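Here's a structure for you.
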Amino acid sequence: MRNDSRAFDQLRPLRIERHFTRAAAGSVLIQMGRTTVLCTAAVEPGVPPWLAGSGRGWVTAEYAMLPGSTSPRKPRERGGKVDGRTSEIQRLVGRSLHAVVDMPALGERSIVIDCDVLEADGGTRTASVNGAFVALVDALRSIGDQWPEPNRLPLSDSVAAVSVGMVDGALLLDLDYAEDSRAQIDLNVVVAGCGRFIEVQGTGERSTFSLDELTAMLACAQRGWAAITAAQRAALGNDWPF
Amino acid sequence: MRNDSRAFDQLRPLRIERHFTRAAAGSVLIQMGRTTVLCTAAVEPGVPPWLAGSGRGWVTAEYAMLPGSTSPRKPRERGGKVDGRTSEIQRLVGRSLHAVVDMPALGERSIVIDCDVLEADGGTRTASVNGAFVALVDALRSIGDQWPEPNRLPLSDSVAAVSVGMVDGALLLDLDYAEDSRAQIDLNVVVAGCGRFIEVQGTGERSTFSLDELTAMLACAQRGWAAITAAQRAALGNDWPF
Amino acid sequence: MRNDSRAFDQLRPLRIERHFTRAAAGSVLIQMGRTTVLCTAAVEPGVPPWLAGSGRGWVTAEYAMLPGSTSPRKPRERGGKVDGRTSEIQRLVGRSLHAVVDMPALGERSIVIDCDVLEADGGTRTASVNGAFVALVDALRSIGDQWPEPNRLPLSDSVAAVSVGMVDGALLLDLDYAEDSRAQIDLNVVVAGCGRFIEVQGTGERSTFSLDELTAMLACAQRGWAAITAAQRAALGNDWPF
Amino acid sequence: MRNDSRAFDQLRPLRIERHFTRAAAGSVLIQMGRTTVLCTAAVEPGVPPWLAGSGRGWVTAEYAMLPGSTSPRKPRERGGKVDGRTSEIQRLVGRSLHAVVDMPALGERSIVIDCDVLEADGGTRTASVNGAFVALVDALRSIGDQWPEPNRLPLSDSVAAVSVGMVDGALLLDLDYAEDSRAQIDLNVVVAGCGRFIEVQGTGERSTFSLDELTAMLACAQRGWAAITAAQRAALGNDWPF
Amino acid sequence: MRNDSRAFDQLRPLRIERHFTRAAAGSVLIQMGRTTVLCTAAVEPGVPPWLAGSGRGWVTAEYAMLPGSTSPRKPRERGGKVDGRTSEIQRLVGRSLHAVVDMPALGERSIVIDCDVLEADGGTRTASVNGAFVALVDALRSIGDQWPEPNRLPLSDSVAAVSVGMVDGALLLDLDYAEDSRAQIDLNVVVAGCGRFIEVQGTGERSTFSLDELTAMLACAQRGWAAITAAQRAALGNDWPF
Amino acid sequence: MRNDSRAFDQLRPLRIERHFTRAAAGSVLIQMGRTTVLCTAAVEPGVPPWLAGSGRGWVTAEYAMLPGSTSPRKPRERGGKVDGRTSEIQRLVGRSLHAVVDMPALGERSIVIDCDVLEADGGTRTASVNGAFVALVDALRSIGDQWPEPNRLPLSDSVAAVSVGMVDGALLLDLDYAEDSRAQIDLNVVVAGCGRFIEVQGTGERSTFSLDELTAMLACAQRGWAAITAAQRAALGNDWPF
């Protein structure tokens, strides 16, 4: 029995609120259980120097946890250094979106996604990916219909992410912080709407794992991402881009 | 006529939501018009080195704007430097709370207030002070009833802040960003619930001002802070500490 | 009785020495009692990027305390961070000068004022403003007579600053460090030569204050700034620009 | 045909030289093709603060590329920031070794592994893991025979890492830089000597991938890690700790 | 003929003013021609960690140029980096004083010397050494007469520094900035009062040099340091410690 | 007797290996006894801004010690600061090469030399200079024969560096770390192949020194640099550029 009475392969309650703020082109508050992330997406003219003149667009992501998102309070990263975990997560969010954006169709503009964690209770990286995709859609829509193909955003598919962990011998979907702290093996997967993998990251935190165990964890993850993709589709409604 | 049809001496719609997140002891989402600030308050054991052994407590504040809080996007302060405006605001919030906290009664513990701006449309510093006071009360209540005087938090009074500006010759209360950008004179006041000043900061941005003009601006501010204090009291309900 | 036998509303001995060094276009050593600040002013071609092409000039200020200016020694700010107090003071000096410089007449050049405190005994921010104005005049004069109006520097008025404090119930003008450390209320005002305010900053360090108290402090300040303006005028002699 | 005539599932020439320098307790120069990494391991007394008094040891790793390791030259990371890729690699090396070190048996001392890339031609992270394990063994041996079980280093198994990539539809083992730059899918696996996974990281750089493709890549990787483990064992000879 | 009509082997006018400010225990304004340096010396309790418990004292120096000391203005070193030249000079000043301080007699206290250049016209490093010695004497005297030998400061000798340059084939003593910029060879020597060298630094900036040329430059330097030592003795008067 | 049985005026075994790695245009592993430095040289298009358009080239050097080069391990310089000693050495290497490069003939390109110490046992700065010269030659050769004079690299002479120290009254050539730690006087000289000095740096670490002692140390150094120059010539063989 999990501490919130969920089934082993059940997601936490998932809530996606679009237009949470109005300054950013995309602004999505996503909650997976108590984990709460504000994902905003801004459209900026131009691209980084190494892409200038290429005709291609650019998508990048930043991630941060507010000091009040954890207990005890987490000191602000103001020392000029981004810690390793932060860097890994923002690179993961960026790569996940790269996989589905049609950069030549986007043209020489940049989409900057900010994932700011308001409350952290495990799974902030997967919540960030899930909310970032919805914010990205809203940001692309804010540009108007300037795409090579009319009425078709420069996106090939949706993106969803979910975690699976092996805790005390059991496979658990969508771990909260208490579960994550006890996990022997930790797997994060990012999947396109079509079901093909974008990223698979399995780590034996306190244990090694066999190919069979990896396969079982991937199967468990599949139940999660299907539900997340459905929630993204529901949140976007008629704005679902496919 | 103001761009949102307000009277010259009218506040923007003010909304205070307590317990917005649960990890921090105090967590208040305050909105003044579109300006939205998440104020969290954490209780930490101990005090800075220069107070150790004094028996006195400590209150400090940090302030930051999320990248998505403005358009265009505001780059994150990750370069190891806190810019001058940020530093001024967090010092102002800290001083404002210092004025009403009974540090010896607080004892050797620290309250850290974080004001993170989710959306910025003018007046983020006054919204931060107003929300920070409510978060502070919730943080003090989370400690339990360990105070020198039973049922009496170590607070002498409430704190509210409001801005007044001279725009095109008219005195305006609680400026939004568009108004603030055009103001000739800018006044921020922080006031205790009893009506005495904690801080008065008047700046002639594009003009100098006389003593009469200063007096008129202070009178206009008074209508604002009374309404803000009432809203804080309403939000705290039975938890109002006085 | 004050510790140096001054009257409550009397300035400390004020000394202004121009041309203290020769490398900078303006170089003023100002002493208010033991507080000693070297204010230099440099003329640089061009303006910051956001003003380029506007035809307007730019004035900015930096402030620092030498390590030997205090006892115990103050460590150098070499860690890549400017502390909050430093940032507040240099922003105050910059705003104070902005208020009287005719930026379009200055044209696309920058004046950079450096206020380096050689000895600190309270009131370094007001001494910095007072010396900076004189250095600014000398820097503008070094440019030659290239102004839109012949023989008229691009200045609308002079600038002076002074502090007033409430110490043990008495209003004191121009506080030294020992007095400042005991002040319940601290007021800094920056005033144009015409007597109108540029900046009013009142802070209840250990006490709140009423409108009547604020008004009394402003009246006390007035006796100070008149004397400072006279001293600036005496130091500049025939170079007084008005 | 690969550009160096290797078979698809063949490693590059692998060379491991122990005792390359003498100051560090472990010092291993590892070459996989042209990729050359100097892995040194130092034993330091004590552990980080959060482990003090726990009786447990600590293993950590740092990674850097020398400026001359690439063409064009790679600027030194001296700006106070560790870039995201560097941080990911050093965290990977650290986690990989954590998985096989018996921390309680190690006792309250730290092993610091430094992986400095002298020449980079793809696969620097896998070469770092492979060399780091050998340097770790030498560092542990330098401590003498103070372990809980006589003649048994506090290690549960060996560690090896290898990359597999999908390039133009073909699965290639141990990619060099030219191949890596063209890979659609990139997989890095870290494996214990017993064949169980410590880490699996698959990334669709330019393509997504199915479960079948993931399984095929893992099978290809297996041929690589067996050969690497054999080379580590040969390099250590009688010092092989199992 | 030199641009200020000096003889080739003549120092610039040298002025040493003690007690320039009062906060620091030693405070010396030294001028060599237009080059002006404020050297302050503070006494701090304790020593750096690596000397704690050794019974030995510590002397260290910092050096900085004020922004207004040069034309064009020199930006402040606030980026968290000390540039190479600054670091070299402050290390030189520190080593020079180390050579004459009796560290065991000083006991576990630190003397921190700050050399802040108010105006720079060549030779700031030699002026810093020369002024630092006088400030050091005043700082040691401020401690009172607590030395192992009564009435004997923990100093073995005085310290003086001077530059010599080869400019257009001529040997020049005590170069100003214009001369220094044209020098082919540049020599700085630090000498104890007894005439023995503490430091000899000869650099062929635009030319190499022979042993005979080095010997001639050292002979020229000797005329300078004798005069500087005499000026230090005159400034200290009855406080000359030997 | 020295601890490795060398004569007082004998160099440590000197080994120079060119083409140690292949990514950099010049790559030289130099060993003087146990001191081991990898010197790489890269050719970059363009010059720093202040030389742009001058037609002149640029040579610069960086120096670093790998963490594993010493025991105990030396922490990486990642804090955004280059320490004083590092800065001094890289400036010395740069100046030494500047003295022999014909910058106009080099043309508007930059040579960047990196000296990374793999093992440190005294004399890393002299080994860096000696290896850097050989790497510089290889880098210049990699450019092809584009020089103003056919078959003549833009070099006027070779460069060698060596240390001499006074240890317990004896003059020792090419000190190792143990000797250097005990030296009363320390002399580093950089010499051109023709025997003229480029740099002479003598420091009385624990003692002052007379002119006679300086002269004797320079004579001792001469025996060292002749041998080093010969080793550089042998390593370059037919590529010796003179």
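For clarity, chains are labelled A, B, C, D, E and F in written order, and residue numbers in each chain start from 1.
Operating definition for what follows: a contact is a pair of C-beta atoms (placed from the backbone, for glycine too) under 8 Å apart; a residue touches a chain by one contact, two chains touch by 3 or more.
None of these values were measured; they are calculated from a predicted model.
Trainee: Which chains sit in contact with both members of the pair chain D and chain F?
Mentor: none
Trainee: Among the chains here, which has the CA centroid at the largest distance from chain A's centroid?
Mentor: Checked the centroid distances; the maximum from chain A is E.
Trainee: Using mean CA coordinates as chain centres, what's the gap between chain B and chain C in Å?
Mentor: Their C-alpha centroids are separated by 29 Å.
Trainee: Quick one: chain B and chain F, Cα centre-to-centre, how many Å?
Mentor: Averaging C-alpha atoms per chain gives centres 60 Å apart.
Trainee: Between chain A and chain C, what distance separates the C-alpha centroids? Give it in angstrom.
Mentor: 51
Trainee: In whole angstrom, how far does the Cα centroid of chain C sit from the Cα centroid of chain E?
Mentor: 33
Trainee: Scan chain C for residues touching two or more other chains and write them down.
Mentor: Each of 80-82 in chain C touches at least two other chains.
Trainee: With chain C as the start and chain E right after it, run through the chains round the ring.
Mentor: Order round the ring from chain C, first step to chain E: C, E, F, D, A, B.
Trainee: Per the contact definition, I'd like the list of chain D residues that touch chain F in the complex.
Mentor: Answer in residue numbers: 20-25, 27, 34, 36, 38, 40-42, 44, 62, 64, 66-73, 76-82, 112, 114, 116, 118-121.
Trainee: Tell me, which parts of chain B touch chain C in their complex?
Mentor: 80-84, 87-88, 90-91, 95, 99, 192, 194, 196-205, 208-211, 214-215, 218
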